[in-house]
């Protein structure tokens, strides 16, 4: 048997160790050579969704922009761990909770009133240190072959009725669903929410890995109703054409908890020394160009005043009858998760 | 040094867990929920380990000791599941049957990706057993099955236990499969804790419990080593065993192997192919794919290199010394392995930001994270390989004028080289698949196949994700294939 | 200058019974000494301490004028200039025969290494085998190479740890003689550890019998066999006939086999165990003069000789009698027994 010689193995190991060292040297040069500050964005929003607009942002802001993609919550934990030596100038979060956590630790910088005033005060941090950029609304997706539109419940509270036994799909691990449950706790109280969750489970509601899988199940008629975010359907329509998509959406009226609006937003890190470009970035993200991008590409609702979505069939933002909730209160996700665990849904 | 390195996360955990005083940490741990999690984690671990033992030992025995048609090919195929990331396997199963979510699905997905951890060492051990013993048992009136159970199996125990330990640690630290399958274990609770409360204390306290469990498992495994002797240094080489004729069991054996390979390798690959053809988000960005693949190979090679280098002294000491110090050293190496990637990553963020800021978000730090996470994989391989090299050779070399480090370089390492190389290949595969630590520690802008896969599936573009998943599996299959062919 | 002096060696593992309890051994320069003892007697521990692989609890090891081990002194194995030949050779499987032999030839240049390697291969009778790999050699050949490897750096002392164990007996005898010759040719002092008394007696210049961590007797093979220090040693180095005896006046002892002359005059003892070797007993006619009488119970035939077991009248345990040449007795037959030569008396 031929055995690799010790020398060869040593050489291989040495090569393996040198490689990253060399790579590191290379990137060091890049970092320090820039002279002017680089804006580092930690983005909890998916690269596929926001890379085009962040590329444009680089031109608009005029400084070099580096984007680090990750999970919103994990990036928030990373920023907390980095503390005052954080590399992030701007945190672009998928949801309000992660921004709230940084705000609570006092790591975010207060935004100018002019910036804050761009959006409705329901969609910005109570400390004025983060601002919502785009919104997504909870809806009920339905399969018209299984259930005519006029029979689709107008309240999420009704999907636990016996007539929907085994006909409802939802994604219990999805952050938006959990935010909705938190909202319901704020609106209806913990006992009512727990009861609703228990009823949902007892009613044989089917669980899926995420919103998309839930929508697929509605599409396939596996379930009649699905609790999802609105934009998945619009993306699906944009991808396949409306006539190819079977499922329809029902926007809930009457400030139903099931019509909660979640926002994605951004905040500036105090200690990064990048306040100036970060501020420009926030302003750009609230500009008409960026807001239109969110509307057209990610099918979300633009939150900046004066920008409306041009997506066909999307009900106007003003027409949404979402519940009045202080988004800051959605931070009590921990108890929501405990409740979901108790009920046995996650 | 290597052990110190592996203990970094523990230091971090201590800081974070006690941040708000021991009472608070104790409150978190001394909770009914912790007990539930403990039961659930251990239950899942036990079931997966048992299933992996059945699959791994049966496949090893069939491919090494019987006249199974295409035995070598089956042996290699049985190694390939290593290349499948647990989240891909879980996703494939879920997309096929959403009702699998829960304990069953998690156990299924984890078993199918981790049974090679048992298969590989057991197959190697089977090749090393002197067939004369089995012949003696047969001549004493034991049938093939009894012979296997009473003579062969006991000798496989150390190898199987070593593999089972790696499986157990893998299950304890896995996040991908349990999160997709929505089965709450320690790892998932730790992730949830970061996400839901942004309070790092509960996560750290739970991680400490996980570390304690790991140490208990490692100690249990060490006990099974018990009387397992050192390397055999026979005067001649043992005759190759005569493969056992399967007779009328042949179709059944083939069916079994076929089924195992089908569900563990063909199924996930088939699902990927389906995504590719069914979805419309498929974009063949070959340039991007090649670049990402290249970056993945580079960082995984560096990870495997550093891990192997650190594992070498630990493995040698663990194999050659039986004292308490040696055992502690080896156990320290295992400390990081059962921790979720995110915990290890945050620990390194903590230390790097404070003490090695220039390295922060640079490749070397990511490579270090791989070393902390996967040190035990390489240590186990090195230890086994060094055990194969008879210690008397070290004595001879010393008597011929070599210093201990020269003995290591000239005798021990060359002899253990094939086994060490196998460990490096295994480490390489697991580095390629790693996601949570890579996400947090990679240089800004760098992508690996795993992070790319995460991005694409996160955006729901499964068709676009499929090429990355396929590339990951195929690239990881190369070292897996070499592992399958490796003969000890 | 190459003499080995081991003094007061003590060693125990953990809290268990000590393995060595003050072992003493002196081997003159150039001699081949065998350390003989049953398994577990501590002989291998001694060898490993001398080689430097183990630390002694107490005692000293000197080689020539160098102190190798002693209070506060422990020379590492690589600086002791002691070669070892382990059980089953333990050749480096990843190196060729020549590279195995040259392994210890560090300071030397290439040509010198090659010359010494060839010389050593010739010495052990395997010239021309340098390019082979260890697994291509037979067990005996591997053992010869192991010896060549140990001798190549010209060690002051060579330790052989049961080197002939794994070989069949026909091969053993030849190899023993060759090893002896090779050792003498290089002039190295050597210590052979073995549990095989035949091997010890036939190979060594000096045999030390070790029991319970001490040397029970150290002597030339002839003395050891002929004048064992006690019945245990006697039984260990060969077959022994032990009979209770009473001393009579002029240096004889009265036993079940009659009056037996003693080799050394008894120093005051009146009774004791009389020790004879089976070849000192002769079968005679039942009615022959002065012979004891007994019955043949068993015969073990070896070809060159045979061991005849005889129950002696007036003695409980049967005695063994080595008979050379053709056999004339059968089991069950009555026979006379006569003693030749002198016996030892042990209290």
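For clarity, chains are labelled A, B and C in written order, and residue numbers in each chain start from 1.
Here, a contact is a pair of C-beta atoms (placed from the backbone, for glycine too) under 8 Å apart; a residue touches a chain by one contact, two chains touch by 3 or more.
If you want to know which protein each chain is, UniProt gives these names: A = Iron ABC transporter substrate-binding protein; C = ABC-type quaternary amine transporter.
Remember, it's a predicted structure, so these values are computed and weren't measured experimentally.
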item: Chain-contact steps, minimal, separating chain C from chain A; value: 2
item: Chain-chain pair with the highest tally of contacting C-beta pairs; value: A-B
item: Where chain A and chain C are represented by their mean Cα positions, the distance between them in whole Å; value: 84
item: Centre-of-Cα separation between chain B and chain A, whole angstrom; value: 33
item: Cα-centroid distance, chain B relative to chain C, in whole angstrom; value: 52
item: Chain B: positions in contact with at least two other chains; value: 414-415
item: Overlap residues in chain A, where contacts from two or more other chains coincide; value: 3
item: Shared interface positions of chain C, touching two or more other chains; value: 94
item: Sites on chain B touched by chain C in the complex; value: 233-237, 390, 392-393, 395-403, 411, 414-415
item: Sites on chain B touched by chain A in the complex; value: 33, 91, 94-95, 98, 101, 179-180, 182, 184, 192, 194-200, 280-281, 298-299, 301-302, 304-306, 308-309, 342, 345-346, 349-350, 353-354, 357-364, 366-367, 409-410, 413-415, 417-418, 420-421, 436, 439-440, 443-445, 451, 455-456, 458-461, 464, 487
item: Residue ranges of chain A touching chain B (in the complex, touch as defined); value: 1, 3-6, 9, 12-17, 19-21, 23-24, 27-28, 40, 46-49, 66-71, 73-74, 76-78, 80-83, 85, 87, 97-98, 101, 104, 172-173, 175, 206-210, 212-213, 217, 232, 235, 239-240, 333-334, 336-338, 341, 346
item: Residue numbers on chain C that touch chain B, as the complex places them; value: 48, 51-53, 76-80, 82-84, 86-90, 92-94, 103-104, 106, 135, 139, 142, 149-150, 153, 159, 166
